[in-house]
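Each of the two complexes below includes chain A, the first together with chain B, the second together with chain C.
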Partner chain A sequence: MDPDILLEVKDLQTTFTTEDGVVNGCNGVSYSLKKGETLAVVGESGSGKSVTAMSILRLIPEPPGQIVRGQILFDGIDLTTASEKEMRKIRGKEIAMIFQEPMTSLNPVITVGRQIGESLKLHEPQLSSTKIKQRVIELLDLVGIPSAEQRCNEFPHQLSGGMKQRVMIAMALACSPRILIADEPTSALDVTIQAQILSLIKKLQQQLDMSVLMITHDLAVVAETADSVAVMYSGRIVEYGAVDEIFHQSKHPYLDGLKKSMPRLDIEQEELYTIAGMVPNPLDIPSGCPFRSRCPQEMACCQNEPPTIFFSDSHYARCWLYADGGHHD
Partner chain B sequence: MLNYTIRRLLLLIPLLLFVSLFVFAILKLSPGDPATALLGDQATEEAIALARAKYALDQPFYLQYLQMMVNFFSGELQSIFYKGNVLSIVLQRLPATLELGFLSLLIAVIISIPVGIISAVRRNSFFDYASMSVAMFGVSIPVFFTGILLIYLFAVILKVLPASGYGGHLWTIEGLRHMILPALSLSFVLMASTTRLTRSAMLEVINQDYIRTARAKGVSRFVVIMHHAFKNALIPITTNIGNQIARMFAGAVLTETVFAWPGVGRLAVNAIFRRDEPLVFGCVLLMAVVYVIINLLVDLVYGFLNPQISYD
Partner chain C sequence: MTDQLVLKVEDLKVYFPVKKGLLKRTVGHVKAVDGVSFEIKQGETFGLVGESGCGKTTIGKAIVHLEPAFAGKIYYKEQEITNLSEAEMRPYRATTQMIFQDPYSSLNPRMTVANIIAEPIRFHRPDADVTAEITAYLEMAGLRKECMLRYPHEFSGGQRQRIGIARALACRPEIIIADEPVSALDVSIQSQIINLLKRLQRELGLSYLFIAHDLSVVKHISDRIGVMYLGCLMEVATTKELYNNPLHPYTQALFASVPIPDPRKRSAKVPLQGEIPSPLNVPPGCKFQTRCPYATELCRDRVPQLEQVGDGHLVACHHWNNLHKK
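Take a look at the complex of A and B:
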């Protein structure tokens, strides 16, 4: 394994058992995260991007969820088979996570200061309570919350949405984790706050030398933050590459569609472009390429499992269009 | 918070006015007459007229009402059957009822909250099904019937606890022995509904985003459940207990009758049967005061549980 690689997800499959049958949350997903790198995972709702991230920390509710195949390697441990006790040492300490909904992700009956201090208390038990308090105030300062000392004793409902997300970030950073998983950290916030939070994450990443796994459905966020990008559709990665390759040399028709759907300010547009059709029902995913029913370039061979075609060391797509042009896996 | 408490206590005044008017109206609207009830069917016209005059029953209703109110609060309202004034008779019986209520509340909370939490955490397990079935049984069975079953089991068959009567205060051994059965039967209703509510409140909280956040920090399952989840679930649980206390008062009337318990509930029943109007009046009024005070306490506890509520 490349010594720079901190986290490697290999061929991960997570399923959910529902009353109507077994659903694949993600299916055969592989990616790796290098030291100090930001990897963005993009896709629409239900594409499996959050499921993959939650599987890393084993936060999938079990049952109904279950990791059925694959490995998640971190520091020589396979997280898919680690015990709950080992996982508790990793959660919050080595890999921390911030969530999409700052409004509901903080406990309403516990003060902000105690919620942040809790990670410290768990993972650094040698700290005295005055030290913890001091550290909490430093963290609140770090994420840009004014009058931190007073905010410590406040409850989540006394803070605005943006402030709550800052508190979530402070909580995640409390034990200086090596990896930060940010699951749509800005989706619930308005645009000006979004920009602030993203630049805050970027600044802290450099300051603390963290790797970030950024999960988002917003291509603008990707362009602003990512080094590498994984594009997911219906539980699988359909294209993977460095951020320039994804934006300037995209290969998969799905990614082309996504990029065309972005509203542009530089040209006059009567109507926004949309990708026709719907995401396939996860209970009934068509054979072969899951995107084929919506694909403008569908061919007969798309009914078969698409090949993985490499365009450079870091850039691949899974699509029949390039079966002759690229090099096969 | 002090301001709030004072305001709430001042609200007692209009409430008591309303309750007293209502009780008085019911007493006057119900057929029969205290004087006949007191002297029997064989009494002469003169004797009845004399008794009516003695208890001011020959006065217009509004005068009777005013006099009853004034006398009650000045401690001069005399019971027709018992010796002494109504206020002191009722106050003398009140501790027995409050002790009984307190013990049943304690039993209910100690049993139902842990059972509810375990049922929620082990949802759809044997334990969950079993405890929910028992709780369902507890909700549907009438209090007096539970009482009779308990007496039969513990006093008649096993002969370990006294069947009825009051043995002294809660903190004496004999007192406690006498109180266990009535308290247990009274706690059933509260226990059943609190178990069910604890379970559903915990299930709801466990699925909240902030529970996931706590787990993502590396918090252990036990601490997640007891600290992060239960603290939130306690808010609806307290509401339910507050509401159920009213049902407990109603239940106390039956339980006290079944167990010959010298409390306010049985006193009220006796007073009604004997048409002791002043005493009925006093019992109901005092129960209303106790009920309002307990509800006020519940609301104040709320302020501690839920930081979004402030009483300033």
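Take a look at the complex of A and C:
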């Protein structure tokens, strides 16, 4: 393994058993996160971007969920087979997560100070309660919450949405994790607060030398924060590359369509481009390329599993358009 | 677009009483909308943008009498409709329709699509050929007529939003108040709905009050835009003028906060510090002064009024002229 790689997800498949059948949350997903890097996983709802992240922390409810295939390598341990005891040492200490909805992810009846201190208490039991309190105040300061000493005795409902998200970040950073998973950290926030939170995450990442796995549906947030990008559709990665390759040399028709259908502030557009149809029902994903029913360049060979074509060391797409055998009709 | 006004709002105020104590005495007011004026011409789209809690949704609700106006006037064409009773309001109900933000909670889960759309038709035009009309409105909204007998839970978010649009169209409205109609949808579905709304406007000559927090969406659909902050309009201008020449520091900061989907245009700076103050405790003078990088003594003392600074360009800032020169 490349010594720079901190976390490697290999051919991960997570399924959910429902009354109507087995659904693939993610299917054959592979990516790696380097030290200090920000990897963005982008996709629409149901594309499996959160399922992969939840699988890393083993937060998938089992049953109905199950990791059926693949490996998640972190520090020489395969997280897919690690025991619950081992996982507990990793969660919050080595890999921490910020959830999408700061409004519902905090416990409403416990002060924010105690909630932040909880993971310190668990992972560093030798710390005295005064030390913990001190550290909590430092953390609140770090994430830019004014009058931290007073704030740590407040309850979540006394804080605004942006402040709650800062508390969530402080909580995640409590044990100085090596990896921060941010699941749509700004989707519930206003645009001016979003800018503040994104810049805060970036600043802390440099300060604490963390790697960030940024999960989002918003391509603009990706462009603003990521070093590498994985684009997901129907549980699979359809294109992967460095951020500049994704935005300026994109290959997959889905990514192209997605980029063209965004209303933009910086350029003039007449009619917006639309991707026809909808995301396929996860119970009934078409064979071969999952995007083919909506793809303007669909070919006969798309019914077969698309090949992975590399355009550079870091950039690949899974699409028949670029295979030797593929040609336009 | 024609020059005829279809909707005019004059100095509208919507206040919510704050009650306290055993006797629930009113101890103060949350001024959700505090003196807003604007007008919409036939076939025009007026966009309202602002952060959450700025009062943009409340304006929409006040126009259709879902919230009572505390003061001010609302006109539909020449007719004042601010304080009409339920019965007097009825003829005007059909003229102004709403499309709501959340397509999951704005459709009755126990009604079929046909019934959802038939209800306004039966109410407003009892003699109409209901089935034919349902089919026509479904088609207009881009749904097949086979959808008629199905229930809302069988549809995706984008399709549900189309049902909501068909329901609004069934009243044959002239004005549609669209309250964040695409913010709950995925990007690829969002563009379908925006294009649909634009097409319907062209074909039916509809006027829109388009309420959203996403500046790129508002820019794309609106002819004119009003920027709101804490219940007041800070700046009003045509879309082009506003984007090329934003004068209010808040408008400038808002635009600068929007992430651009191009990694080569990354900017490191955070344009606006702090958060929107609580509407219970609004700062004196200019409401934006607590976050404004250019605030002076004057801003803390006096409330700036909206003043005309160009053709149809209004701004409420004491210093716009000096900032402009810089």
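Everything that follows uses one rule, which is that the second predicted complex is superposed on the first by the 318 of 329 C-alpha atoms of A that agree within 3 Å, B and C clash if a C-alpha of one lies under 4 Å from a C-alpha of the other, contacts with A are read in each partner's own complex, and residues count from 1 in each chain.
Methods note: contacts are C-beta pairs under 8 Å (C-beta built on N, C-alpha and C of every residue); 3 or more make two chains touch, one makes a residue touch a chain.
Just so it is clear, the model here is predicted, and its values are computed rather than measured.
Superposition note: with chain A as the common reference, chain B and chain C can be accommodated side by side.
By the document's definition of touching, of the two partners only chain C reaches A:258; chain B does not. Across the overlaid pair of complexes, the angle with its corner at the CA centre of chain A and arms to chain B and chain C is 70°, in steps of 10. Contacts of A:93 after superposition on the shared chain: chain B is touched, whereas chain C is not. Judged by the touch definition given at the top, the superposed model places A:152 against neither chain B nor chain C.
Contacts of A:101 after superposition: chain B is touched, whereas chain C is not reached.
Of the two partner chains, chain B is the only one touched by A:119; chain C is not. In the superposition on chain A, contact of A:243 is made with chain C only, not with chain B. Partner contacting the larger number of chain A residues, of chain B and chain C: C. In the superposition on chain A, A:137 makes contact with neither chain B nor chain C. Nearest C-alpha atoms belonging to chain B and chain C sit 8 Å apart in the superposition, given in whole angstrom. With the contact threshold set out at the top, not one residue of chain A is in contact with chain B in one structure and with chain C in the other.
Touching chain C in their complex are the following residues of chain A: 44-45, 160-163, 190-196, 198-199, 217-224, 226, 243-244, 247-248, 257-259, 261-266, 269, 271-275, 278-279. Across the complex, chain B is touched by residues 57, 59, 84, 87-93, 96-97, 99, 101, 104-111, 118-119, 122-123, 155, 157, 168, 171 of chain A. The touching residues of chain B, counted against chain A in their complex, run 208-210, 212-221, 227-228, 231-232, 235, 305-308.
Within the complex formed with chain A, the residues of chain C that make contact are 51-52, 156, 158-159, 186-192, 194-195, 198, 213-217, 219-220, 243, 253-266, 268, 270-273, 275-276.
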